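Each of the next two complexes has subunit A plus one more chain, namely subunit B in the first and subunit C in the second.
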Partner chain A sequence: MNPGALYHPGTSLPHRLPVGGKLVGLLGFAALVFVARSPWWLGGGVLVVAVGYALARVPPASWSRLVRSLLVLLVPLFAVQWWLIGLDSATVVCLRLAATLGMANLFTLTTRIDDLVDAIERATRPLHRFGVRPDRFGLLVGFTVQAVAALTGIAADVREAQRARGMDRSVVAFAVPFLVRTLRHADELGEALAARGVADD
Partner chain B sequence: MARSRSALPAADLARTVVFAAFIAVLGIFPGVYVGGSAVPIVVQNMGPLLAGSILGARRGAVCLLLFLVLVALGFPVLSGGRGGLAVFAGPTGGFILGWAASAAVAGLLVRRALPRPGLPTLVLACVAGAAMDYLVGVPYWGAVIGDFGAAAKQSLVFLPGDAAKVVLAAVVAAIVHRALPQTGGPQVGARQAGDRAEAEGP
Partner chain C sequence: MIEFEGVGHDYGERMVLADVNARLREHRVALVGANGSGKSTLVRTINGLVCPSRGRVLVDGRDPALDGRSVRRRVGFVFTNPDSQIVMPTAGEDVAFSLRRSDMSKKERTRRAVEILAAHGLDGYADHPAHQLSGGQKQLLALCSMLALMPDVLVCDEPTTLLDPRNKRHYAEVLCGLEQQVVLATHDLHLIEDFDRVLVLEAGRVVADDAPADALRYYRKLLG
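Then we have the complex of A and B:
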């Protein structure tokens, strides 16, 4: 995995906005779009998103990927909605989705995961008194990303062994050994964590 | 989110974290070509059923919540390299959110049959888990497009593929339970699991 593949580094205005404010803004935008019923307002929302992309200067590859995935989703949806309910409803639903998905995607494109994790840890600090350990959040995410790297190697091994046995068309022949080795890896990690006292302070 | 010591001892923490990674790898690894098909099938949505029926309800659900957090943070861990908050805003976002409930339901049904759940139990658990996913996913879809009937009708497209994956997940879980007994139990026998796994060979 390339863990930041969705983030596009940059120094533009959307990149520089504080993470917390950006997240609140995104939720507010989504809420507005959800209650708006006029196609004109929703069209304005889509325009706002487009301006955001222009400001963020995301590369054309990200643009075209978003537009393509939106088209794949929205074209059939528009057709079905038009057929089942009517043109007005189809327009409203599709504009609403385009605005929300575009904005959420812009957030992901312009926000470093590390910054987001920090912001969440800061925002959830008051939960400490209920036994939740927000300061462990980043650690947990980091462990998982490391485990993804380890398991990717294991999956490649298993795939190769499977191919050598001529069973590369069976889901079971891939999933079972992969899962058994995954669980064994988990036990090793558990012992390592216990030995370092990670889970008990 | 990490809890205090009593909630998540090291072995549980490790299983939960590593299984979340397992589901991610199911998504980023190229799909498996089944039978003579030319298009690889995506096996990631077997992940929640496997998590529930192998880790148990609680760890399974926590594992899926952790996975959903990774998705929301913007890691491209969903099949096709998708990730970010936009995933949950789309019409099928409910099917992704429903994974946590799906794992919990599958885990609850398997629990009664531990330590050695048979294939019928596992099939039942996986069917119930998948049904739970529809129970979350279809109304969510209906809310996004503003029409529940249309959402229900359109979701029928997924049924055949999901039915096949439910059976596959149950078969895989049954074999893994036989290879590593106690995996769903409250005590994780790290030593024992290691011993049994030797028989599998690399």
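Then we have the complex of A and C:
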């Protein structure tokens, strides 16, 4: 199973920034968004993300895919939150999610997995003395990032198969093949890594 | 040299290989057989993806079940479905991933990956998302990622199943040009007409082992 490509090749400023710096920046941004309570500040965070996308010259298809995914998540969430805890809190929760997920997506769009794995390896090298394997840790993070794309691809395939059989609304018809294909993906990935000798180190 | 010594294998109660004995010294060896004949299981024993229930396999004297690490350094494996094999998002990263365990710097790995892709018909595709390549290009990418490891033996499990006739021809040309020993499990009989040796499998047993012309004549007769 191919883990789908999140990375969009380019030479823009976000592409050229060092991976370690981008990762620390992403974590710092997420922390700030988490502690901020003002909708104005959080709106500013969303604006920063939008500027990042513009700088990265991400094609409209990637923009619209992100916006669609966010709307699917945020519209029902906003409605439920508004009903349960009020308009202000619902706005804050949704802006937090929009800013954080948008920035995380921008990171993956402008960062090669290979570079991310290298950066994680370098950063965790001092932990080697405590039994941490930097190479394994780097791969773990790299494959975790790719797993998001892989699972999204599997879900899209299963939904397509559901539609082809006219079972669009069946939860079971989605959940069972999705689970089976996810487990098969894990098996295949394990075999692919074994074939390249990764598991032998 | 690859040796199968009384190799047998069961999946649960189902026997898929029974007492396979063969020594493969030739440059290009093919395995043919109907679906379920045991081809894929047999080739998977060569690099230890499957450990046989009975008997043993030796690759240059090393048993993959006991010394898998050393055998896998010598044996590259190309899967039927390239999507199973491609583990990185772009073509260049996927080939470079194979070189991570080498002493090369990142720059060298990237350069080498571009060279390997260019040498096998994927020039200019290093930054291309792997999942957006055509079926044929994915097969070539899977092959490139294995060749980057510089294996002594290349084992391919029905690598042309998803290809159109033109891509099959191209893939065959690439295989024929390789210096490595190639062991190919396939249904594509045209692909192996120039091979050195063909083994025919039926119900987990080798029922013919000959030069391509004779082995394929037997196999066609077997298929009816």
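Points to keep in mind about this one:
Going forward, the second predicted complex is superposed on the first by the 130 of 201 C-alpha atoms of A that agree within 3 Å, B and C clash if a C-alpha of one lies under 4 Å from a C-alpha of the other, contacts with A are read in each partner's own complex, and residues count from 1 in each chain.
Quick note on the criterion: contacts are C-beta pairs under 8 Å (C-beta built on N, C-alpha and C of every residue); 3 or more make two chains touch, one makes a residue touch a chain.
Keep in mind that this is a model prediction, so the values were computed, not measured.
Contacts of A:89 after superposition: subunit B is touched, whereas subunit C is not reached. When the two structures are aligned on the shared chain, A:179 is found in touch with subunit B, with no touch to subunit C.
Here subunit B and subunit C are compared by how many residues of subunit A each touches, and B touches more.
When the two complexes are overlaid on their common chain A, residue A:189 makes contact with subunit B and with subunit C alike. After overlaying the two complexes on the shared chain, residue contacts for A:9 are found with subunit C alone; subunit B is out of touch. Legend: residue contacts after superposition of the two complexes on their common chain; A:110 is shown touching neither subunit B nor subunit C.
Of the two partner chains placed by the overlay, only subunit C lies in contact with A:118; subunit B stays clear of it.
Applying the stated touch rule to the two superposed structures, the overlap between the subunit B and subunit C interfaces on subunit A comprises residues 1-7, 113, 143, 189, 191, 193-194, 198, 200-201.
Listed in rising order, the residues of subunit B touching subunit A in the complex are 1-5, 7-15, 17-22, 24-25, 28-29, 32-36, 41, 43, 46, 50, 54, 66, 69-70, 73-77, 81, 83-86, 88-91, 144-147, 149-150, 154, 168, 171-172, 175-176, 179-180, 183, 188, 190, 193-194, 197, 200, 202.
Residues of subunit C that touch subunit A in their complex: 47-49, 68-69, 72-73, 76-77, 79, 81-90, 93, 96-98, 100-101, 106, 127, 129-132, 138, 145-146, 149. Across the complex, subunit A meets subunit B through its residues 1-7, 26, 30, 73, 77, 80-81, 84-85, 89, 93, 97, 100-102, 104-105, 107-109, 111, 113, 116-117, 124, 127, 131-134, 136-137, 139-141, 143-145, 147-148, 150-152, 155, 157, 159, 161, 168-172, 174-187, 189-191, 193-194, 198-201.
On the subunit A side of its complex with subunit C, the touching residues are 1-7, 9, 112-114, 118, 135, 143, 146, 149, 153, 188-189, 191-198, 200-201.
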